[in-house]
Amino acid sequence: MPGNSFGRALVLTGWGESHGAAIGGALDGMPPGVAVDIADIQSALDRRAPGGSRFVSQRRETDTVEILSGIYEGRTTGHPVAFMIANSDARPRDYSAIKDLYRPSHADWSWRQKYGVRDPRGGGRSSARETAVRVAAGALALMVLRHLFGDGASVRGALIELGGDAVSRDNWDWNEIPRNPFFCPDADAVARWEKRIDDARKDQNSLGAICQVEARGVPAGLGEPVYDRLDADIAKALMSINAVKGVEVGAGFGAARMTGADHADEMRSDDSGKDDSGGVKFLSNNAGGVLGGVSSGQPVVARFALKPTSSLARPLRTVDTGGAEVEAQTKGRHDPCVGIRAVPIGEAMLALVLADHALRQRGQCGGFGVAPG
Amino acid sequence: MPGNSFGRALVLTGWGESHGAAIGGALDGMPPGVAVDIADIQSALDRRAPGGSRFVSQRRETDTVEILSGIYEGRTTGHPVAFMIANSDARPRDYSAIKDLYRPSHADWSWRQKYGVRDPRGGGRSSARETAVRVAAGALALMVLRHLFGDGASVRGALIELGGDAVSRDNWDWNEIPRNPFFCPDADAVARWEKRIDDARKDQNSLGAICQVEARGVPAGLGEPVYDRLDADIAKALMSINAVKGVEVGAGFGAARMTGADHADEMRSDDSGKDDSGGVKFLSNNAGGVLGGVSSGQPVVARFALKPTSSLARPLRTVDTGGAEVEAQTKGRHDPCVGIRAVPIGEAMLALVLADHALRQRGQCGGFGVAPG
Amino acid sequence: MPGNSFGRALVLTGWGESHGAAIGGALDGMPPGVAVDIADIQSALDRRAPGGSRFVSQRRETDTVEILSGIYEGRTTGHPVAFMIANSDARPRDYSAIKDLYRPSHADWSWRQKYGVRDPRGGGRSSARETAVRVAAGALALMVLRHLFGDGASVRGALIELGGDAVSRDNWDWNEIPRNPFFCPDADAVARWEKRIDDARKDQNSLGAICQVEARGVPAGLGEPVYDRLDADIAKALMSINAVKGVEVGAGFGAARMTGADHADEMRSDDSGKDDSGGVKFLSNNAGGVLGGVSSGQPVVARFALKPTSSLARPLRTVDTGGAEVEAQTKGRHDPCVGIRAVPIGEAMLALVLADHALRQRGQCGGFGVAPG
Amino acid sequence: MPGNSFGRALVLTGWGESHGAAIGGALDGMPPGVAVDIADIQSALDRRAPGGSRFVSQRRETDTVEILSGIYEGRTTGHPVAFMIANSDARPRDYSAIKDLYRPSHADWSWRQKYGVRDPRGGGRSSARETAVRVAAGALALMVLRHLFGDGASVRGALIELGGDAVSRDNWDWNEIPRNPFFCPDADAVARWEKRIDDARKDQNSLGAICQVEARGVPAGLGEPVYDRLDADIAKALMSINAVKGVEVGAGFGAARMTGADHADEMRSDDSGKDDSGGVKFLSNNAGGVLGGVSSGQPVVARFALKPTSSLARPLRTVDTGGAEVEAQTKGRHDPCVGIRAVPIGEAMLALVLADHALRQRGQCGGFGVAPG
């Protein structure tokens, strides 16, 4: 019944509050013998970490991951890989002003109704701080994918729209992403987005965003019909990220506006000479790499929409825990657009879903399909 | 590892192929003492059933549900409610022409890669026929919601866009829905959609659609942070339906284009005199009834996008199982827009998710929150 | 939360009551391509079936299994194998006399306390009738074991003690088992047991029993430390059978009376020339084939104790549902020793546990260990 | 698929190796508002800790528990309670002599076959050190039971047989248990057991043992038929403890030697005046508090048998990882009877099972039954 575990064959169990001693998790079901470079986990965390630019939360944490179990001489043993990230910059005093009221569009009201009690320190477990655990686990999941499918297996992501301003597909350059603070693949959009963020902050307001994540080098055959389809689990994984309100795979909502003839991903014989292609190629990928809930061997592509940051410096109407009408105004350290830091989180969740389904597939069917040209 | 069970506290296990002896399921975890009217289950199935109009598949089945266990003298016993629907109109011969090729945008390729074997009879388990099991289970789940929360608990849905043509919110009338074959709430749209469907069929083409489902009368407190959030499980539930490519909750993808000030669902003291409101009301519902992954007591609102029907009467390029380039052309009975019949399926999945989370909430927390005015 | 599913990778979901329309189940997670001979499932059911001799219940049912899904052209498809057994000889009237009282040592009291309601027809789902579903599923699980490990994989069982009278290990002959109605491997014990059963029936009394089950030809490496150990899941599987009160593996309770030196299963180099032995052999098997919760490749051996049949023809003191003191006396058709028919049920549960763990092992670790000489 | 989580509604996920940085766990599903006294968790750990007397391992660890999350102002928040116990006395050098051979009756062989790799440091995760995590979690589970059922809810245990020498039921005194290093309820047995242990150690040998655990003050209605019966989950829980080879409930294996008339737990009207007794009392408890897999409200009583310690100071025949015949002789710090320290572990597992099933029962059925007089 509880909800702090994710996955069936590769199971992440996370714990920890924003302002407690630490956050952490255990990843159980790791295949034995997977090479683990802790520096890679740390790099993933550093990409998500706050404090990296003036466009994200000024909370400064080193977010240093500590591995507690499951690795011996640089490889997994098959036992849970537990890890912990200390909360070095916890400042509970920041939140005393808001502990007795329900911040609009936050978890305050619903969680209080659920649990009857509330840990007001920075939102407690509802804080996006828990997503650091997802990122660490996602880095481990990516190592599993590479262990199974070789170095061609990859997961990457980009911010493709901020405040309603979308990147241009014509300008898309994956190499641009690490050069700007937005995970933006379009250099032209970067300058526009900087201004948008600055304007929003001046206006004591915030902006929403859309992220895209994709996986390559993953074979056909992953996904468990009929309820645990690969796309269904991707949808769950991405929707479980704080502030996400929508998820789509492949052509997504756009598919609803296409005709069947336009949407069909037709197939031809493969002439690429690529090994293990199954001898076929797809002429398009409106499916986003998932057919009938099972990976087709094409790139797995998903997008997710994040609402604007709920904590605003301007006053919002709300009620306090006694029912009186008050105003909520947030003075803490918050991202003007939570979507920016969501890119590495989305990548991590996609890696976790794929690694989980890879192990499920190997268990039931004993092997993997091919990746068409 | 297998994927034919859905839910954690109220668990649907489904089985059956399109052209086997029967399809069916067992719903385990039913609270004891729930009044079950089998006629209500049958009604739900009848709404989904093919053959209802010229706009949906001409496969004619009575889809008669038979209850096999778990009910005694009209009430649940607490044991699994198993049910079965015979496949009265199975015609495997229809599919002989396509059993050796991969139909584009179907599960043929990916499932063959997964399982190594293939049941070609009408898509086997990949057929949308399995959704009848979801609908029967959803009808039972709705009975659970009413058992727990009274007759005010309801789930309903509508088709809000067909082939890119959306209903008008100004024309919205829930009473219109049973009067047309599209589950359309806008009488003006019905005539336009009839023509669109007819045109698509003439053109040997198909159309996509968008459905909306919503639940009312469900209290705050449902949803299990941080991975099994209510919206995450709704996303999984809806994305697991055949042909669905996108899911959103509340303002959804639109939230990414709103500012934080516009998106905030502000709160005021409730003056409705309504019991059990917690003394508060929300001034808007951009959240779609889910805050921090937990229901807020507002209506739970979700939308999902369906791709156009993949089976077309026109030829599409593909390969056969031997790798030769061929054309696929479908002559069977198929819906020109699979989205139409998806409305009752989406309602069923929403009911299943809510009933599951209601029982999980009662288990961990012992009771339920309130529904604000 | 519900309890009608068993297994993690190969999941049996069972349903049905003693006097409803049917009992049945679905086995999800079946590897694709497993050859399924329905006659073998039927044979397994026939071994468990009542009516086979005067020593077991005179309820006469053909217990004919009907496969509803998951098999195409004699092989599994990877989708759930659903099956059903009609209740052809349901006679609810037999039980009208006892529906308002709590039969001692039955589930009547505790289930009424649990569910608040009660299906009195022959115990409803608490009847041992549900074990037919286990036996059918166990037959399928054995096919999975043979699919994975070859025809050397086997599961068998014996009744080794009845009413306190144990078989002699010196007289043990597996071939004797099908020749008598007791699954007894000791021809000398058979005559003694016949008299014991007859005497117990004359005395309106009943007897307990102990069964042994074992699996051979199963490799090392099955079992998931630290909580889902193979022996832990075997213990659960066997203890979940009606009337079982104790379970032991290998030397079992006897191990508590051995010294470490006597109990140690020492190892030597293998000189058997057997392939895939890992080059080692064990000199004894006090472990019962499980070391550290993981199979060692030796035979997996477990025993379980069954209490005497609770339904007696003699009066027992109890109370009725109104609290009045009354006497319970059972006139229905009951086995004088429920342990007799437990042998095929225990075999089935052992097969289910092993097949489940085999798929789990393949998923996480990619293959299997060896079976020492 | 992985096996390091236990429970369904209250889920313990454990991690850590004998000689890594730490061991720990997270307990998810904790009801909110449960009062948690960390000193009680520490006390439970102290009871299990090595070094307490000359009769147990001389490994000296303070086993200090550190709570990392899930508790705010002395009460649970409903989020995972994560905890950690540092391995302060890890001495991996002790084990270098045995890392290349398979110690008889240890997990060395089977785990190596399973994982392909091996962490030889003190057995890694196969060490009984992981049971400290169970004990800490069990202390939390007991707090849940008291939160739900009041202070009358209790779990306790005793060592009832050591090296084949059983306690006398006539001498049984629960108050004796904390006065001796054996958890022995019979003062007369203590002196005899001291000599047995000393003799075994002199003989470089070891002894087995039998423990009894019982729970009182727990209502009827816990347990989920038909596979997740309360006794089935107790059997799994206890069999999952290192070195356990047998489990029984109530009359256990003895029930197999009783007649139905002797075994029947007859019922009468209750004249105790006790509230909430349901108006009935049982005249005996051969069932061990579980009828039909569901608690009856009587004390829940189970016993489990532990094999003698496998690590002996005398040489045992085995093979090394290269297949050569060698002798294993253990020089590390080991208990001459692992059963002694198993009592608090068994109590912990029983508490975990009962708390898990209590939450499951509340979820499905909304409340609890009564405890008969």
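Order of writing sets the chain letters: A, B, C and D. Residues in each chain are counted from 1.
Quick note on the criterion: a residue touches a chain if its C-beta (ideal position, glycine included) is under 8 Å from a C-beta of that chain, and two chains touch if they have at least 3 such contacts.
None of these values were measured; they are calculated from a predicted model.
Student: Report which of A-C and A-D is connected by more C-beta pairs in contact.
Tutor: Of the two interfaces, A-C and A-D, more C-beta pairs touch across A-D.
Student: Quick check for the class: compute each chain's Cα centroid; which one is farthest from the centroid of chain D?
Tutor: The most remote chain is B.
Student: What whole-Å value do you get for the distance between chain C and chain D if each is reduced to the mean of its CA atoms?
Tutor: 25
Student: Averaging only over C-alpha atoms, locate the centres of chain A and chain C and give their separation in whole Å.
Tutor: From the centre of chain A to the centre of chain C is 45 Å.
Student: With centres defined as the mean C-alpha position, give me the chain A-chain D separation in Å.
Tutor: It comes to 39 Å between the two C-alpha centres.
Student: Which positions in chain C touch two or more other chains at once?
Tutor: Answer for chain C, listing residues that touch two or more other chains: 1-5, 8-9, 14, 29, 32, 78-79, 114-116, 125, 225, 359-360, 363-365.
Student: Under the touch definition given earlier, write down the residues of chain A that touch chain C in their complex.
Tutor: Per the stated touch rule, the residues are 1, 9, 29-32, 78-79, 225, 359-360, 362-366.
Student: What residues on chain D touch chain A, complex-wise?
Tutor: Touch list, chain D to chain A: 1-5, 8-11, 13-17, 20-24, 26, 28-29, 32-33, 66-70, 72, 75, 77-82, 84, 114-119, 121, 124-125, 359-360, 363.
Student: Any idea which chain D residues touch chain C in the complex?
Tutor: Where chain D meets chain C, its residues are 1-6, 8-9, 12, 14, 102, 104-116, 125-126, 130, 161, 163-164, 200, 203-210, 219-229, 231-240, 242, 244-253, 255-261, 263-269, 278-280, 283, 286-288, 290-297, 305-310, 312, 314, 316-319, 323-325, 339, 360-361, 363-365, 369-370.
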